[in-house]
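Several structures are given next for inspection.
Below, subunit A partners subunit B and then partners subunit C, in two separate complexes.
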Partner chain A sequence: MARALAEFARSLVRASTWRLALRGLGRQPRRSAIVLVAVAIGLGSLLVAMALQYGLVAQMAETAIRTEIGDLQAHAAGWKDTAPLEARLLEAESLAALSRARELAGFAPRLRGEALAQSPLASVGVRVLGVDPEREGSVSTLSSFLHEGAWLDAPRRLAIGAGLARRLRVAVGDKVVLAVQDVRGDLTGEAFRVAGIYRAPSRELDEAVAILRLDDAQRLFAVAGEISELAFAARERGALEAPRAEVARALGPGVRVETWRELEPMLDTMIALFDQIGWVMYAAIFVAMAFGIANVLLMSVLERAREIGVLLAIGMPPARMVAIVVTESVVLVALGVAAGFAFGFAVIFALRDGIDLSAFGDGLRAFGVPTRLTPVARSGDVWAPLAVAVVTALLASLWPALRAVRTRPAEALRKA
Partner chain B sequence: MILRLAWRNIGRNKRRTALTLAAVVFAVVLVVHMIALTTGVHERMIEDNVRMHAGHLQLTGAGYLEDRTLERFVRWTPELAAAVDATPGVAAAAPRVNGFALLSNGSASQGVALLGVDPVREGGVSTWPERVVRGAFLGTGEREILLGERLAEALRVDLGDQVLAYTVAYTLENAYELFTVRGLIHAPEPRLERSLALITLRDAQALFAYEGRVSEVALLARDSSRLDETSRSLAAAVSAQSREPLDVNPWPVVMPELAQLLVIDNAQNYSMLGILVVVVAFGILNTILMSVLERQRELGVMLALGLAPREIFRLVYAESLLLCGLGLALGLGLALALPAAVFMEGHPIPIRGDVREMSEMFGFTPVISWQLTAWNPALATLLMTAIALLAALYPAAKAASARPVDALRSL
Partner chain C sequence: MSTLDARAVSKLYALRGIETWALRDVTLAIEAGEFTALAGPSGSGKTTLLNLFGALDAPTSGTVTLDGTDLSLLSRSELAALRLAKLGFVFQAFNLIPVLSARENVEFVMELQGVAAVARRERALATLAEVGIAELADKRPLEMSGGQQQRVAIARAIASSPRVGLADEPTANLDSVAASKLLDLMERLNRERGVTFLFSTHDARVIERARRIVRLRDGGVVADERGA
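Right, the complex of A and B next:
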């Protein structure tokens, strides 16, 4: 057994093994070509399909991060278990502590609260988001969704989504009263003028959020000089640990710093799920292809029964015969996989500007999906099919190889 | 005769036929089970969402879904209730007032969706009564409130404590009311649990100055596959009873995100099946083509003897169809007899880990369920027929165009 394995390994690196294998494939070029095309099309289109699906998820995550969440957020510890206004940080102190942070591309202080927004015609419960108009742009793209009017250009102005404007039946320039319970527990309210109306890529942001200037929000909730959230943009999305550590150090104990993964575990899980889905998909396609590959190899072995019989009769070790068939399979699959990668990545490259999804528009927008879908291939899209292809090539050649070795020289020669 | 010839040709190279059949069988089993799994998961997602809150159908004032304000309402009169209950296809109906309020306890305050529900009718449509983890569901008591567990924690209140609700009524006047916490509810999504409170319909109508009005009537259908029909009879039944125009919206309109999610998921699954079909088709193409090329001489003789090329074409097609038909029959038999299929039907598998967390966040029961419908074998049959027809095209054309002289000489 060990000898046979050694012989098998030695044969694999011999030039003559490869020559024989290639000759086997070239015997019926049309047949080999069909399998090759099947592997290429199957793998190529699956690559594109996976890249599109991942692109969708990645863009959803990207939109959520860029629109509002940011890469990192800092809150007073325990903020998740308390009412929104209960967990606060000191604005000036926090900003001063962060002024020397080097790992960050930007940071923005925010105040969050809840209010009843009232117009002369309707009343709607909203989430209030107080932002610093200058700093906010360094973290989020909120202001880029402005559709009408201006972006918080003066005090006592607010920006609302088109959905909320519809619900309140107000337009730019109209007054909206925000009734709130301030930090002391007093019910109070203040009138704001609608400065701008935006169209946000999420239903919640569009229909149930009012954005104010930070100082206006602080006055409204009676928390002068205090904020409830700091949002950060890191220099690099992939490397969040260094900036997180830096922020945690700068802000000191009592502050909790979390990445977008922790803030939005659902997005994180969806992305993680993709690796598992990828394996299943690639495996299923390759199993389907394995039958075709085995078929071609088997035919080729049966047709060459005479040749194989002669080779065995003049003393070729069976292990070498196995090596020849395995090499044949590997060459066939390798060519198919190479063509498949070429085809798949060519399509992905061709689609790099994205596919127009505006026909789906409104429904997708609620998920935070932009109207253009761009395929995104990952390293997993290369090594998962490669690993599956190697296993497929080996498994598919098993039966044909054994069949070849079992060729009885005498019979093979007599038949021909 | 063609069939007999085709049958013989398929049997000519048994190993090749077996391998090709194996590919077809694999594809059929995969198609049937993948679709059964998808259908099962989707049906459960729909049912979970429908039962969690929305109902199969919602009766609202015209245009309510556009702005969801108190301006749009349904007058919930005894006559309307009777008409809704008597509509064929309606299993249960639950009227609701959907409002918003700031709830507070001392300085802790939180904005919540304040739902007024009919304590008796609500359980017929949604699972809210079953989601009470401490205390009890709403009853005949006055000014009682149910809070999400996390909401109670944020407001620092427990059973028997009081919370103040502040809101703006239908009349656009400020409205206040003190409620006693009667129970705590568990909602699947943490954010939902923090921003949700239930009171009785009667209290909600008093708080919002909404006498006799409701925001929506959620309905559970007897047969979820016949929602269109039920919608129509409901619209007809209520139009006579209501002065204001009303809308009847099925769940895909009420929950467009869910409907869209299912569409995206289906698109993914069907593109996967499409790729699989192409791969299998190439396998069949290869088998048929090889068998045609091997028989050049035989086909040449047949043509020379006067068989029309059309007949040859048909013969090759018969082989392809026979091969796929055989694979289909074996595949369907295997797919339906697989212990998995038998077991899975009615035995949802619980899921664990990350996926479990995710499905709970989405509000789904964390199980994988399996649902076989007539559509699965039908789809498999359709796909295999398409494969057989497509794959045989080139070999059949090749065979039919063989020139007898060449074919005979080549040997």
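Right, the complex of A and C next:
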């Protein structure tokens, strides 16, 4: 067995093995071309599908991160088990502690609470988000969604989504009363004028959030100088451990620092799920491909039975015969994969400006999906199919190779 | 010790439930340097016996040895190595590799033997010249006549310096002139290089050139005639 494997390995680098394999494929150019095109289209389509799928997920994550979550957030420990106002951090102390942070591109304090928004014509339960208008821009793109009016340009102004404006039946300049239960448990309220109306990429932000200046929110909930959370933008999205450690060190014990993946486990799970689906798609394509290649090689082996009989008769080692069939398979798959990459990446390049999905805008916004879908190719989209293709080529050639090796020279020559 | 030795060899073919004895209890020894014809009508067992001597097939019963080695004890790989080292084949249908040129066909056996590229190229061209078709070195089989292809087959068989040449109806697809030239070549190789030749034929012109004639009929040896 070891000797046969050594002979097989030696055969793979012999010029005559490649010559016989290439000329063997060239003998039925149309058949080889059909398989090659099938592999190319299958792989190319898969690459495009994967790039669109990843683009969708990446944009969903990007939207979630840049709209509101940030790369990291810090809260008082136990914040998930309590009402929004119960777990708070000291604003000035926290900001001072973070002033020397090197791993962060930006950070912003926020206060979260719940309120009943009332207009003369309607009442809607909303989430209140108090932000520092100047700092918030370093973490999120909330202000970029402004569609009408101004962005928290003065005290006692608020910004609401177009959906919420519709529900409350208010416009820019109208008054909205926010009725809340403050931190002491007292029912209280305050009137705000609608300064701006934004159009957010997520339905919840669009229909159920009222954004105030941080000091207005602190006054409303009677938590002066205190905040619910700190949101952070890291310098690199892929390297969050260093900034997380830096923030944790700066803010000290009693503060929980989490990444966006931990804050949005559903999104994280969805990304992982899409990756798994990707592998299933790869497997499906390559299993189909393997059968196609095996079929072509097997036909080729059966058609060349006499030639194989002659090769074995003149003393060619069986391992060399296996090497020739495997080489044919590898060449076929390699050409198909190369053509598939060219096709797939050409389509991805052609779609670089994205596909306009605005016709489905309302439905997509409900899931935080952007209305322009841009394909995103990753290095894994190259290496994964390449690795699977090599394995496929080897597996697909095994059956025909064994069939070739089992050829009885006398029988093959007699049939001739 | 004989070069080729078949002892009590029988071969049964079973095709779709129909059993046919191709050889029955054949015992035959071929000594080194012989120039032997296996003669007999179609179906007499000539090709089957050649295939058994050439380690291309296994007998149903009996033993076949090559230089004293019992072929039934060898694996596929060992049989391939034995064929490569000691045997040269010439087939009735030429059986060249169609995707290789004449030179590449001849070179291929030497490559399997591990001959270096430059040496095997030189030897392939020299061998093609020896069989009189040097000018066809770069032609593929389909671009050659039957006689030319058979000469390439001979060149392929002898380029590897075999001890034994096995030829199955080597002149069957050749005209009389080409057949005569081929036999001249085989005789010269036998005489000058000491290659043992065993060939099957039912052509009277070929039979009369053999120094030993083994006649087969219905799978059995019916006569073993030695000439001068």
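Basically, the second predicted complex is superposed on the first by the 414 of 416 C-alpha atoms of A that agree within 3 Å, B and C clash if a C-alpha of one lies under 4 Å from a C-alpha of the other, contacts with A are read in each partner's own complex, and residues count from 1 in each chain.
One rule holds for everything that comes next: a contact is a pair of C-beta atoms (placed from the backbone, for glycine too) under 8 Å apart; a residue touches a chain by one contact, two chains touch by 3 or more.
Bear in mind that the values here come from a model prediction, so they are computed numbers and not experimental data.
Once the two complexes are overlaid through subunit A, subunit B and subunit C fit side by side, free of any clash as defined at the top of the document. Once the two complexes are laid over each other on the shared chain, residue contacts for A:Gly42 go to subunit B alone; subunit C is not touched.
By the document's definition of touching, of the two partners only subunit C reaches A:Leu312; subunit B does not.
Touch criterion not met for A:Arg66: it reaches neither subunit B nor subunit C. A count of residues in subunit A touched by subunit B and by subunit C gives the higher number to B. Contacts of A:Ser16 after superposition on the shared chain: subunit C is touched, whereas subunit B is not.
In the superposition on chain A, no contact is made by A:His75 with either subunit B or subunit C. In the overlay built on the shared chain, the residue A:Arg88 is in contact with neither subunit B nor subunit C.
In the superposed model, A:Arg320 makes contact with subunit C only, not with subunit B.
In the overlay built on the shared chain, the residue A:Ile285 is in contact with subunit B alone; subunit C does not reach it. When the shared chain is aligned, subunit B comes close enough to touch A:Ile34, but subunit C does not.
Minimum Cα separation between subunit B and subunit C in the superposed model: 13 Å. Chain contact summary for the complex, subunit C toward subunit A: residues 47-48, 51, 54, 56-57, 76-77, 80-85, 87, 89, 91, 93, 95-100, 104, 107-109, 111-113, 156, 160. On subunit A, the positions that touch subunit C within their shared complex are 3-4, 7, 14, 16, 19-20, 23-24, 26-27, 306-307, 309-320, 405, 408-411, 413-414, 416. Listed in rising order, the residues of subunit A touching subunit B in the complex are 28, 30-31, 34-35, 37-38, 41-42, 45-46, 49, 53, 56, 81-86, 114-116, 118, 120-127, 166-167, 169, 179-181, 183-185, 187, 203, 265-266, 269-270, 272-273, 281, 284-285, 287-289, 291-292, 294-296, 298-299, 302, 360, 362-364, 366-367. Listing the residues of subunit B that touch subunit A in their complex gives 13, 15-16, 19-20, 22-23, 26-27, 30, 66-71, 100-102, 104, 106-113, 150, 153-155, 166-168, 172, 174, 256-257, 259-261, 263-264, 268, 271-272, 274-276, 278-280, 282-283, 285-287, 289-290, 293, 354-355, 357-358, 361-362.
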